[in-house]
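To start, I am sharing the structure in question, which I have written as structure tokens.
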Amino acid sequence: METLFIFSKSPWARRDMETWLARVGEQDQVLLIQDAVLALRGSPGDISRELLSLRGRLWVLEADLAARGLQAGEAGVVDYPGAVGLVLEAERVLAL
Amino acid sequence: MKRAVVLIRSGPYGEASAAEGFRVVMTLPAMGVETTVVALEDGVFCLVRGGDGARVGWRGSLSQVFAQASEFEARLLVHKPSLLQRGIQEEELVGHHGCIGEEELCQLLRRASVLLAF
Amino acid sequence: MKIGIMVRTGPYAQQNIDTALSLLGAALDMGHQAALFLFEDGVINATALMRPTGDRNIGQKVQELVSRGAEVAICGQCANYRGLQKEHLVPGVKRAGMGQLGQMVATCDRFFSLGP
Amino acid sequence: METLFIFSKSPWARRDMETWLARVGEQDQVLLIQDAVLALRGSPGDISRELLSLRGRLWVLEADLAARGLQAGEAGVVDYPGAVGLVLEAERVLAL
Amino acid sequence: MKIGIMVRTGPYAQQNIDTALSLLGAALDMGHQAALFLFEDGVINATALMRPTGDRNIGQKVQELVSRGAEVAICGQCANYRGLQKEHLVPGVKRAGMGQLGQMVATCDRFFSLGP
Amino acid sequence: MKRAVVLIRSGPYGEASAAEGFRVVMTLPAMGVETTVVALEDGVFCLVRGGDGARVGWRGSLSQVFAQASEFEARLLVHKPSLLQRGIQEEELVGHHGCIGEEELCQLLRRASVLLAF
């Protein structure tokens, strides 16, 4: 893996995903944590489609999903050790 | 009599805004302020059943806290367009005092003397 | 008239307290009454222990507002959560319960909140 | 004046203006403070057009504008006492 | 491997410190090294004076991380600005200059930041 | 040798992020970390000449602070698309080490070992 992008803010409140998902390359992966997991129930604009196109490279933190009573949908689920694993697999991490 | 509308705009757990907003809601009716809470934008996620904040270290489920609004003599309303945007069904929510549309939201804001957004 | 503002963010990281202090100071200049409720991270604005070398001292500015007659209160529970002790508060700032906020909302002619 | 809407966050970072400008009625007014003044140099989507349509009811806080080296354009400029005046003229204030 | 996280927000108002503590705890469980740099409002996470009745004590959790061998440092200037005194820090937390941050960035295999 | 890219995404004064990000930039080169700063999104407003943070109580002008990047052996780059989106001309900015496009930004990110966003 090249870059692990970690999103933590809701796509309904902030424009981080709108601006940055387009920069996720084919060797990159994405991890949704905190309120960013709300994106899995639908997102404004093209974000849902862009997340869907990441199939196999999109991850969500289990604890944040469960806290909010949501389902992972197309995203892979990782626990905290799993998230640490992603951080270490990546060459670099960008948390937004 | 003062009328307050407290807008819960943010989701649970990522920030404490919604929970702190509810603490404000609990205190206003006792001071003689007629209080309405509106869950809108990501705030509607605070009412989704089945979550548990303890999973991320919080005290418990915020949806169960919000379900107590009527105990504090506050009306809890849900902004329907925010539900629709996020693909949330009304059946997924804990008890509340009804859904409102965009027009009703604007009327509610216009009848208030105090507006607080969380 | 009495104007009240709730500030929900702390000093130096966000501009809310600076804006609120300027607005409430102007309200006092104009002969109005002013009230400030410090909520959530906002309670840190009321510590007397700030040492911002070469920068504005926000705690001192809060104290100036108090000394000009403004009502300034902080949420006691928020302060407990953040380790802000009563003896470290700027003099004149009330360590209050939520009831104090309810009273401010009930008695101010205008009340609004600046958040994160 | 009915409601004074105070925006404080940049329209490029947050969706507050995108969501809330449509709710500003004909008897309402808008005050831009802090990073929301950045909107006067251009904004995403329809926000610039919506701000323009508020002519005469759009205000900006002078200190925030001057701090950032920006011009008011179509907005009226108020100092802190002027902003207090707007707050008092309004029946209610919603700060976002 | 050594994982470092910078946290820029305080306790209870935002989830960043909870996330960082869980991730760094997991890293230690897995046999890795862990480092935490508390910056801006994040310094408040290191006060030993928190009294969060009936809620998680984040200061204690920071202390547990330290006692498990993690390197935890706070920006001293940020602490001065916010009135957080050295004697009120969780034991084992280093009150550091920015050089300490530079060293963490230089020595961690992965380093990232959780902000407001 | 480690390579850090510090992304300045937020405007001046509304929050301290940009100023605090610059404090990080000042410290990294001394630790042997090759450091590039990129002003992008609202961060480009930090380089606009003529502002003065003292007007809102801050210490001074953040654009003058950023203009010192080269004194700390850090490269200061500006994301051109962010300028264009906001209608800002390059001539309005204080001194920097050049503008980059979207493609160059992505390449820069991909060559870094540490990425920090402010």
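So that you can tell them apart, the chains are marked A, B, C, D, E and F in the order they are listed, and the count of residues begins at 1 in each.
Simple rule for what comes next: a residue touches a chain if its C-beta (ideal position, glycine included) is under 8 Å from a C-beta of that chain, and two chains touch if they have at least 3 such contacts.
For clarity, every value in this text was computed on a predicted model and none was experimentally measured.
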{"item": "If a chain touches chain B and chain D alike, it appears here", "value": "A, C"}
{"item": "Path length in steps (a step moves to a chain that is touched) from chain C to chain E", "value": "1"}
{"item": "Mean-CA-position distance for chain D and chain C (Å)", "value": "24"}
{"item": "Inter-chain centre distance, chain B versus chain F - centres from mean C-alpha coordinates, in Å", "value": "39"}
{"item": "Inter-centroid spacing, chain F versus chain D (mean Cα positions, whole Å)", "value": "27"}
{"item": "Shared interface positions of chain F, touching two or more other chains", "value": "13-17, 20, 41, 56, 58, 114-115, 117"}
{"item": "Residue numbers of chain C (touch at least two other chains)", "value": "12-15, 19, 22, 40, 55, 111-113, 115-116"}
{"item": "For chain A, residues that touch 2 or more chains besides their own", "value": "8, 12-13, 34-35, 44, 63, 92-95"}
{"item": "Interchain contacts, given as pairs of chains that touch", "value": "A-B, A-D, A-E, A-F, B-C, B-D, B-E, C-D, C-E, C-F, D-F, E-F"}
{"item": "Residue ranges of chain C in contact with chain E within the complex", "value": "10-14, 40-41, 44, 47-53, 55, 59, 77-78, 80-85, 88, 116"}
{"item": "Of chain A, residues touching chain D in the complex", "value": "12-15, 44"}
{"item": "Chain B-facing residues of chain E, complex", "value": "12-15, 18-19, 22, 54-56"}
{"item": "Contact set on chain E toward chain A in their complex", "value": "1, 3, 15-16, 19, 22-23, 25-27, 29-30, 32, 109-115"}
{"item": "Residue numbers on chain D that touch chain C, as the complex places them", "value": "6, 8, 33-35, 61, 63, 79-81, 83-84, 87-88, 90, 92-95"}
